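Once you scroll down, you'll see the structures, which are given as structure tokens.
You will see two complexes here that share chain A, one where it goes with chain B and one where it goes with chain C.
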Partner chain A sequence: MLRLDPDTGKQKWYGSDGAKSVLSAIISILIGMAVGTLIIVFVGLTKEGISLKGMWEGIRLVFLGVFSTGRDGGELTFGFNPVNMGNMLFRATPLIMTGLSVAVAFKTGLFNIGAPGQYLMGTMGTLTVGLTLGNSGCPVFVAWIAAFLAGVILGGLWGAIPGIFKAFLNINEVITCIMTNWIAANLVTWWFDAHDIFKNSAEGGKVGYIIPLKNVDVVTPKMGMDVLFPGSQANGGFWIACIIAIGMYVMMTKTTFGYELTACGSNRHAAKYAGINDKKNIILSMVIAGALSAAGASLYYLAGNTEFFWSTYLSLPAEGFNGIPVALLAANNPIAVVFSGVFMSMLNIAGTQLKSLTAYNEYIADIIIAIIVYLSAFSMFIKQLLNKRDKKKGGNK
Partner chain B sequence: MVFLIQQTLLFAVPLMIVALAGVCAERSGVINLALEGIMIFGAFIGVLFVRIMQENNIFGQEQGQILMLLALLMSAVCGAIFSLLLAFSAINLKADQTIGGTALNMLSPAIVLFFINLIAQQNTLGMTKGGAASWFMIRPSTFGLPKDYSWGAILDILINKVYLSTYICLLVFVGVSIFLYKTRLGLRLRSCGENPQAADSLGINVYKMRYIGVTISGALAGMGGFTYALTTANCTSTGEVAGYGFLALAVMIFGNWTPLNIALGGLLFGLFKCIAATYSTLDINGDGVYMLSEIGISPYVYRMLPYLITLIVLAFTSKKSRVPKAEGIPYDKGQR
Partner chain C sequence: MTSEYVIEMNHIRKEFPGIVANDDITLQLKKGEIHALLGENGAGKSTLMSVLFGLYQPEAGTIKKDGKEVKINNPNDATALGIGMVHQHFKLIEVFTVLDNIILGAETTGKMGFLKKKEAREKVLALSEKYGLKVDVDAKVEDITVGMQQRVEILKMLYRDNDILIFDEPTAVLTPQEIDELMEIMRGFAKEGKSILFITHKLNEIMAVSDRVTVLRKGKYIGTVNTKDTNKQELSNMMVGRPVQLEIKKDEPNPKDVVLKVEGLTIPSKIHKNNAVKGISFDVRQGEIVCIAGIDGNGQTELVYGLTGLEKADAGTVTLCGQDISHAGIRKRSEAGMSHIPEDRHKHGLVLSYTLEQNMVLQKYKEPRFQNHGFIKFDEVRKYAEKLIEDYDVRSGQGPITVARSMSGGNQQKAIIARELDRDEPLIIAVQPTRGLDVGAIEHIHGQLVSERDKGKAILLVSLELDEVMGLSDRILVMYEGEIVGELNPKETNVEELGLYMSGAKRQGKEAESC
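Moving on to the complex of A and B:
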């Protein structure tokens, strides 16, 4: 039952579905933060060496970590910190891209847990092409575009595998995504293990890392970020991610293709009956999702000063999995993904501040993120509760 | 060969038991994607228990086997408790089970690493004294025999330089398989994964059965996690189990959700894992299998093979897959 405004006869803004999504996201965030606070208090009370003051500092940093400016005379100080702010936007870039990836797949009714694998394939493509072309002396601009595209194409192809399995064999995409994740992890390690030219052997202490792209000058331009946030890692990649997010929004809501994708997600059989090629759309949706994840990796490593630890066969990149909470918090809206991506990386920054300034460590941020994912699993439930409350009030009128 | 067989068993047994954990949950109708997370949690609890007992000098090296048994029990209990989070969201709140499982997979390493860092000020939590081999490994001296005592070829494979946990896991594996397929409760549990509406109409409490399924699943996965940490990671907890939970998921699918096939799948994948892990040391042990490294195939190929095989098997068996029909669908009484 919709709540209508008695004056205009239109639906009230807070009764709309979007408003409820925002509200349930905020509730999830608040509960997550509250649990994080509780853990800080609990640890502070049980562990020796953490005073009441230390506990209070920890709590403040969880909420305001990005505004932290270090310590002054033993007291925590807060204010505008360009380095933290810039790093927040820099780290948000891959999260926004993997978040978009998961969101687009969700719209087509697919759970893209394969983002980590696609991210790794993107890393492999970008680093390989970037380093090769950078060394060959071709123009930096061309090398940048080629490296970016190589990552995106490889990621798209990798995403196509679960899509094909789903479309033609009707095999659950979650299973195939998990398998392709670990195949990718081994494939990437194998590739870099076999090619010594990409390994960073010049710098001592960097054993196991790939040569950063700044060594060959294939680097994303700053696009004003160095003026806004001096001293931070932020670069134009964030703007590119924002533009892609807007593009995805337009594609999903304003084009026939986007409508077909959403229709397949709502009811694959009904969409087929209506004359939509469901198989093609499922595969394309996964290709786009794979390309988006890989683009996140490309933008991250094209920053230049980021280094890739190539022996990755035992673990998958966290950026891939963190795309899931980013998409869930944003209720799969591409524009909202930008904000939830920034929020997630804000939590990350808060975690690093917590580690450097207090006795706590950065994993508290991961705990909060995990709790938010857990809660968003039943965000439908929260929404239902909100709807029920609406119904009750409506009945009283 | 002794070395190869023993090593394969070490790798295969945790895989088998965790894959069976997956079967227990999925047969009752709940997808347990959180196997990896529960393993990590179980490994942490087991190691922490051993550490606390050592710090307080409650057990000495002579009582190593008892200590290990208790730690195994603790990790099973805590794994079961941890899995209740999944059961609650999947059964009571009817939430999306894949997302719930993913949440636990993210939550577990976060919590574990948070506490490991608080306790040890680093990312690894190990034993306070000694190592897994010196404390928990069965060898002639465990029975008061001389160090180089030999029981003969076959017994040497079975009881020399092995861990008791391996055999306990095998026993539990057989026990749970019998429970699932030969008891009334097991039949009821499986019926909830195939057609919960019909089961409910016959008076079976679907929610209860699903809770039982997930809890057993959590206990097995926790146990598997500690066994993994004990036998292949020298009794340390690092907030990861190298994707073993996901590999177990692959074993489960490869084994088509039936225990016997899972045992075979576990052995096969364990062999691959073993070849990859002991790749460079095979020659040193003089096992005659060093030719594997001489072929020149990268160890990463062996690591990749289990996942690749699972994908191929999935592609060819998708039509006659024995996947439980009602898995992943929350049970709603109103839809009966």
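Moving on to the complex of A and C:
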């Protein structure tokens, strides 16, 4: 129920649906961080060699990891750390894209658990086209666009498969998504297995990796990131992800296309009644979701210095699955996905800082992420609790 | 302490943000009586019953059972007190069978916790037999008709041996004969000493079956009267708060050109292997209301699906305004000149999570008026929605930005009718346009349909309500088992004859059918 202002009769901003989504996300995050803190204390108490001071340092790093600037005279120092900040944005880029992928599908009533597979297909398309064109001597600018588009198109087509099954045979997209994930993992492994030209054999000790795109100079421009965050891996990919997020927001809320997609997602029967082609929209929605996930992979590998371990058939990329908590934390709002994506990658940076500066390892951060993943599924539930509280208040007036 | 009343609800007050749904309402139910609760949509009937059933907690007031004050915190408490309810919107699990739905929550189990379905089945069959509530106990709920779902709801309550029975608009989907039977059942219950609360807006039923009537209007208690001391006109005036026109006023029809021509239309059934619509032919002209009458489940739904394109036809042609639309998609048909007021307003009529204004442009969002290069013109949508809300008197909490789900059923229907009539198409297909609506709203909608007819629209009405069929239509086509078994003139026929055609006892020859 909506909370109305007694004077104006209008909805108060903090009673709005959006504000509640933000609040429930913050509650999930705080609980996650609190549990992380407890774990640091428990580990500290049970493990020899970690003092009370060490625990305190661990806690501070969990919360302020990105602002850590190392140690000075044995004490942790905090401040603006351009490398950490830049790397945070860099690692956030693929998470934002897979988050968008899951969020857009959610809005249209589909659960896209196929982001890892789409991400892998994007990786394959981008690396293959990027390396081929990079070696052929065509202009870098053209090669970059071709590589990016190749990833996006391949991901979109891959996303279309569950969409087609859902639209025409009414087969649940979750099942087909899981199957296409593993098919993608094997397909990508086979593809790179069969083409030695992509394998990075030049550098010793790097067994099983694909040649990074920086070797052929097909690299995303920095777009000012090197000035803002010198020494970090950050590049223009983050800005591209932000622009895509805004584009998705506009598409979903301002256009007839978004209107159709959401109508199909909310009530397929009513959409059909109104003459909207529900089958087409279900497929298109999955194509967009697939393209977004794949774009995440493309932007990540077009950074240049990232390397892809080609024999991936035994595991799926975490970036794909992490799109789900990113979308849930953001309550499927494309703009909020940018922030939740950045937040998730901030925890990641905190993990690396923990490892390098204290006796703790980076898995603490993974535990916190895992807890937030759990709680983000509860964020709908928390929102309901908030609504219930409102109802009671509204009723007791 | 004994009391004359088995249930007393004293000075109940229930608020929702922005509205007072129940304001100091008192309802006293005697043992063994049939007590009708009458009121328009949004009068607070359903809220009051939800309070009694434990779904809502009142802000003020007390509930007494046999003179003792009780607290009903949830439906389980209500069930423990012997209160059973048939909800207006069915609370059934679609993928369960009828039997599973009936026993759900009241399962009898053996020692090991296994379900004793056989006994349950016998009990259900016995009840179904005894009260003439025909159901297919093994069918899945999603596959059976709305009418049968209603019967399942009634059986659910019977199965639980409740002695205070709440019927929330139970007759909305029943045929005249079934309604009569239900009335008999209710009288039987009352004789057995059970007490019945009967929520309705149908004055005929109140006059026929109830002992006393309590009238609510806009959340307020208007009064309780003995049925035998009152009449329909007085009740409807109490309910609406102004004198109401009960008869439909309309002039002679003036049919002109044929708008819709249907020839040999055959549509397969989704549930059964046979055809739901078997090669039927008819036409609808400008300026006339043609009504498809029939008992629920005789192919009317499928016929409408076939006409509107929701379902594919096996054979036959549909011609609209001279254009063959037999194989056209839904949007094509709609653009060729077809408005459709759907049977199920929640399934087809509205996107419930959309706002009212978004629903108002459900077909029109692509028109240049509402979009510019794919971007929706929100100002135009808002203006249009506000105009429709004004013109068709759609009431909602927040105007155009009200979420459709939060609106009352009557206003949801008004919104759909506003949207469909305003599209100004030559053919209007109205399927049970007044289902579940109150007298005031029905009067309004009937008036609108008649005025559309007088403007030269062709109207195909599908209705299960005999009053509506007789009062509104200019021609009646009776459907029985997928065929048109008779074409009747409402002026020359009567309800009894119509009933015979509807039940298949009588049918006209082939030559009469084609005229």
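One rule holds in what follows: the second predicted complex is superposed on the first by the 396 of 397 C-alpha atoms of A that agree within 3 Å, B and C clash if a C-alpha of one lies under 4 Å from a C-alpha of the other, contacts with A are read in each partner's own complex, and residues count from 1 in each chain.
The rule we apply is simple: contacts are C-beta pairs under 8 Å (C-beta built on N, C-alpha and C of every residue); 3 or more make two chains touch, one makes a residue touch a chain.
Everything quoted here is computed from the prediction, not taken from an experiment.
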item: Touching partner for A:N170 - first (chain B), second (chain C), both, neither; value: first
item: First, second, both or neither for A:T255, with chain B first and chain C second; value: second
item: Contact breadth on chain A, by residue count: chain C or chain B; value: B
item: First (chain B), second (chain C), both or neither touched by A:W190; value: first
item: Touched partner set for A:G275, first chain B, second chain C, both or neither; value: second
item: Touched partner set for A:A263, first chain B, second chain C, both or neither; value: second
item: Residues of chain B touching chain A in the complex; value: 31, 33, 85, 89, 93-96, 98-100, 102-107, 109-111, 113-114, 117-118, 240, 242-243, 246-247, 249-250, 253, 298, 300-301, 303-304, 307-308, 310-311, 314-315, 318
item: Residues of chain C defined as touching chain A within the complex; value: 15-18, 59, 308, 310, 329-335, 340, 342, 347-354, 358, 362-363, 365-366, 371, 374-376, 378, 398
item: Chain C-facing residues of chain A, complex; value: 1-4, 254-257, 259-260, 262-263, 266-267, 269-277, 391, 394-397
item: Contacting residues of chain A [partner chain B, same complex]; value: 39, 43, 47, 111, 113, 165, 169-171, 174-176, 178-183, 185-187, 189-190, 193-194, 313-316, 321, 324-325, 328, 359-361, 363-364, 366-367, 369-371, 373-374, 376-378, 380-381
